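You will see subunit A twice below: alongside subunit B first, and alongside subunit C after that.
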Partner chain A sequence: MSAAPNRRPFDAGRAAYLALNALLLGFLLLPIAIVLVFALNPTPYISFPPVGVSLRWFEKFFTNAEFMNALWLSLWVATVVLVLSIVIGAACALALARGSLPGRAVLTAFFMSPLMVPAILTGLALFQAYLLSGIGRPVWGLIAAHTLVAVPYVIRTTLAVLHNFDRRIEEAAAVLGASPVRVFFEVTLPLIRPGVFAGGVFAFIVSFDQFPVSLFLVVPKGETLPVVLFNYMKFDLDGAIAAASMVSILLALSVVLVLERLIGLKAYVKL
Partner chain B sequence: MTNAARPSPIAWLIAPAGLLFVLFFVLPFAVMTAMSFYSGNPVTNPNAFLTTRHYERFLFDTAGIFHEALWSTLRIGLVTTIVSLLIGYPLAHWMARMQSRLGHALVLMAVIAPMLTGIVVRTFAWMTILQDKGVINTTLMQWGLIEKPLPLMYNEFGTIVALVHIYVPFMVLTLTGVIGRIDERLEQAARSLGAGRLRAFVEVTLPLSLPGILAGSLLVFALSISAYVTPSLMGGTDVLTLPMLIAQQVGTSFNPNFAGALGVILLLVSLAIVVAYNRILARLAGGQGMA
Partner chain C sequence: MTSAAIKLDQVTKTFDGRVMAVDSVTLDIAAGEFFSLLGPSGCGKTTSLRMIAGFEHPDSGRVHVGGNDITDLPVHRRDMGMVFQSYALFPHRTVAENVAFGLRMREVPKPEIERRVAAALAQVALTGFETRKPGQLSGGQQQRVALARALVVEPPVLLCDEPLGALDRKLRQQMQFELKELQKRLGVTLVFVTHDQEEALAMSDRIAVMNGGKVEQVGTPTEIYERPRTRFVADFIGEINILEEGGRLRALRPEKIRLVAPDGARLSGTVETSNYLGGSTLLRVQPANGPSMLVRETHAGERASRAPGDAVGLAWNDGDAVALEG
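Up next, the complex of A and B:
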């Protein structure tokens, strides 16, 4: 397979292998393409095949106050979560990798555990805690919840970078007379930046697309976009949902492209 | 136990994360567990007393729905895992063995793209495909292959299709890492010794990728038994899973104590799976080290 010469007699096994994989890729991508078709299709209900192209659903989405409030709330929450989780997560990763902490493996597993616990239970537990302590359901409570599930991504990507880079660079700086503080700001921090950014992108998307953690923590009229879409979809399946879906897909995609521009996709996948 | 190195000042950087996790993770789960043993809200209701009645309600299941919900949660999770593995393995193998960097990057993009699309959006995509007036049914009816729409949605089938689509990327990414680390020369050696391509794969690559298969399955199973959006939108009235039951208790029945008990049960089930699979993984890794 490795040095497969291009000019071999027709290989049925290889062809079947490629055809199967093409089919599976289609399974992954087609649903997203279909959403685009429905976002542009002008009929008032979801129907196939499409009859034309119009922007009326995008117009409906962008002029609907409920959708717009939810979109802004989601963007605002995701931005705050991005900043908070970058700071908290990167600091935590540095402590785990460089702090000579006892029980490092256990601590790392602990900080990863929000990814292992069902997200809907994290939402439920926080709902119960907020209920019992009588603080209601403030926006900062939602932000704290999203930050909790976003921080593990930042820790993971930052740790990956910290494990990969050569400690001797830091040592060399120290030998050459840099104080620990200076080594940190001028050597360590620039080196871990790609990992932190990659984690930040995950954090943003995790928050922006978050549903299960938000479900019990939002108040009526203060719902995030996924919750509003979910409630809308229970009764209505028109093109507005498709348009909203396209908007969030494009948002996620542009975040990834920015990331690709900044640091390249490879650092992003190497977890 | 002795620790050779004393914690350095950098260790203090763990404090913000520690505080966040204690206040918004450890404490809430403790509260949820405590609530599940109370008859009401112990802060606002002075008459609330300690009880195991929520667990008894689940255990004896006089309403006859709780065991069914648990069972269908596990069944949907299992089928989703198996199908995700069958779909994810060929893709992961293809990606891990791909020579062209560009091709690799493109497939990777294609696998990651759905992950960056929210669960709600992806579930919506499947609703447009599988509903009675959806893509599949309309096309089949236009071709005259069927008279009336096939029941593709508002049942377990539709739920599983959408769940598979949502969780396959996790399977692919886990498997790609493991398959990529298997030395390709092992397979080549088997082939030069006369094994066919299929046999070389079945007897060399497949067994060596077992840890990846288990790790990916663990991930997908844990994710799909805790799914809420997809079963509640795709399942209609046919499907009731544990997460849906929990949401019902919070939303419509407003019984946070019983919801807490259900939460503890779901938590125990998923933790048991995580622990079991971690054990298997550790044993496999150990066995490989000795070989």
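Up next, the complex of A and C:
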């Protein structure tokens, strides 16, 4: 005689937990699904339900010179912002976490402040500052502005890694004969890298999707993709917008995936 | 392997200008000695070790190793080995890369690095683990990697900061044997920080018992256990009875007391509790007046002869009640 296998009793709490997660996931993914539907629907205006599947809006997006120029501008601005943000952000985070700076809490708040100020105010303020100081609106001004709002993300993620950092690991390297400079490059930098690059992903996306700050700082014929899309939407509301959104989403996603592959954002979680 | 003597000469360290972590400590550690710094947390043992390593700079006093004053030498030029309680392995490097690190910093040629890493891993019985990452190893294995990493550079001095503290009891005992054996075989001077008195007694050639930033007593394990100089040392190491005789304090180990008939005994009382400990039984005896006494009855085969409620007499030799200072 063998005992009947134990059935797992129905667990209402677990069911509710799964349902809540499904709901949240749906809430996050549904808008993307809707955009995808519009991007593939061939009707010349945004409508529901879709009547078919076509790539005409993607074709329109990729053959439109204005869209393409804006896409390339946005991509390379975001790339430069990524590089600048991780260098500045990681340096800031190290100084805040390691340097015995007076008024560290105040300094941290100061470096984080671009996150608190509405981006549209940051854009307006920079616009006026650039105008008054005669800088005008060069591309590097735009990059500086994006970097300003992107750096706090890198500081945040790097500080999080530094917070859990076992400094004995650096001491072990020093005892073994590593000078302070070598300790930094052999141990500190490799270990904070996941945090730095996680912030870098945010920095790239913050720049690539940046609208309010860019709005004030771009010049005609030198507009980033979100600004071009906004202008386009003022007159046409067709599937090209949806197609452009899909391209943006896919680009951002591929940046995340490439960084994950190259650096392993989840690497050495146990620090 | 060469080994070096270490001398701390009236070393003092305060933190934030207030807390006296180490208060004018002088220690002479012989070359090739297994020397333990023993004491409760906050007694200054770790700070002393960190001053030998160079992580802390003494406010006053000098540190000498091998006859050279190294007080102002930066950590990375001191040529020491160190093992940490948290192991502090490089999580992003393999076992072999961890062990090779010190050799790489010394710019040892690559073939020699490979040879010495292999030898060091063989020494700690970790051959075959070269390509693992530290995260894939057990605590005991990680500790052995840390040991190999410290010893592969053949340092004259090995510093250990509670290296076995994170291991479970059985493994810790095994590692105690291994570490001691390794130290004797290599002849390296080993400074061992611990708060575990049994560990210090088992492993050390000599022990410095520290309290409140000061050294209370330095001696061999037997001296420290049998002849504690201060009440703190007597209390900190093992069980102890403190007696007052003619205004002087005396320390009497529980195993030095014999159980005799109550009549005519030096002290008589009633057994209050009896804790069976396997190899021995620890009794608490309450005399008619005065504080209760701990008595250890060792038994070869038989269980304890006394039970709670029994009337017993206590006897001991005068020489076993050690006079304490102060």
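One rule holds for everything that comes next: the second predicted complex is superposed on the first by the 230 of 271 C-alpha atoms of A that agree within 3 Å, B and C clash if a C-alpha of one lies under 4 Å from a C-alpha of the other, contacts with A are read in each partner's own complex, and residues count from 1 in each chain.
Simple rule for what comes next: a residue touches a chain if its C-beta (ideal position, glycine included) is under 8 Å from a C-beta of that chain, and two chains touch if they have at least 3 such contacts.
Just so we're clear, the structure is a prediction, and the values are computed from it rather than from any experiment.
Q: Quick check on the subunit A-based superposition: subunit B and subunit C, clash or fit?
A: After superposition on subunit A, subunit B vs subunit C: fit, no clash.
Q: After lining up the shared chain so the two structures overlap, which partner does A:D166 touch, if you call subunit B first and subunit C second: first, second, both or neither?
A: The second partner, subunit C, only.
Q: Thinking of the overlay built on chain A, is A:L107 touched by subunit B (first), by subunit C (second), by both, or by neither?
A: first
Q: Pick one for A:A65: touches subunit B only (first), subunit C only (second), both, or neither.
A: In the superposition, A:A65 touches no partner, neither subunit B nor subunit C.
Q: Scan A:L25 for contacts with subunit B and subunit C and give back first, second, both or neither.
A: first
Q: Check the contacts made with subunit A and report whether subunit B or subunit C touches more of its residues.
A: Higher number of touched subunit A residues: B.
Q: After lining up the shared chain so the two structures overlap, which partner does A:V175 touch, if you call subunit B first and subunit C second: first, second, both or neither?
A: After superposition on chain A, A:V175 lies in contact with subunit C alone.
Q: Name the contact category of A:I241: first (subunit B only), second (subunit C only), both, or neither.
A: First partner only, subunit B.
Q: Would you check which partner chain A:A12 touches, where first means subunit B only, second means subunit C only, and both and neither mean what they say?
A: neither
Q: If you take every C-alpha pair with one atom in subunit B and one in subunit C, what is the shortest distance in Å after superposing?
A: Taking the overlay as described at the top, subunit B lies 5 Å from subunit C at its nearest C-alpha.
Q: Once the two structures are superposed, pull the subunit A residues common to the subunit B and subunit C interfaces.
A: No residue of subunit A touches both subunit B and subunit C.
Q: Touching residues of subunit B toward subunit A in the complex: what are they?
A: Of all residues in subunit B, those touching subunit A are 1, 3, 5-8, 10-14, 16-18, 20-21, 23-25, 27-29, 31-32, 35, 41-44, 87, 90-91, 94, 97, 99, 105, 107-114, 116-129, 131, 133-135, 138-139, 165, 168-169, 173, 184, 187-188, 197-198, 222, 225-226, 228-229, 233, 243, 246-247, 250, 256, 259-260, 263, 266-267, 270-271, 274.
Q: In their complex, what parts of subunit A are in touch with subunit C?
A: 166, 168-169, 171-180, 182-183, 186-187, 190-191, 267-268, 270-271
Q: Under the touch definition given earlier, write down the residues of subunit A that touch subunit B in their complex.
A: 1-2, 13, 17-18, 20-21, 24-25, 27-29, 31-32, 34-35, 38, 45-49, 87-89, 91-92, 94-96, 98-102, 107, 110-111, 113-114, 116-122, 124-129, 131-134, 144-145, 147-148, 151, 155, 205, 208-209, 211-212, 215-216, 226, 229-230, 233-234, 237, 241-242, 244-245, 248-249, 252-253, 255-256, 265, 269
Q: Sort out for me which residues of subunit C touch subunit A in the complex.
A: Touch list, subunit C to subunit A: 53, 55, 74-82, 84, 86, 88-92, 101-102, 105-106, 135, 146, 149-150, 153, 159.
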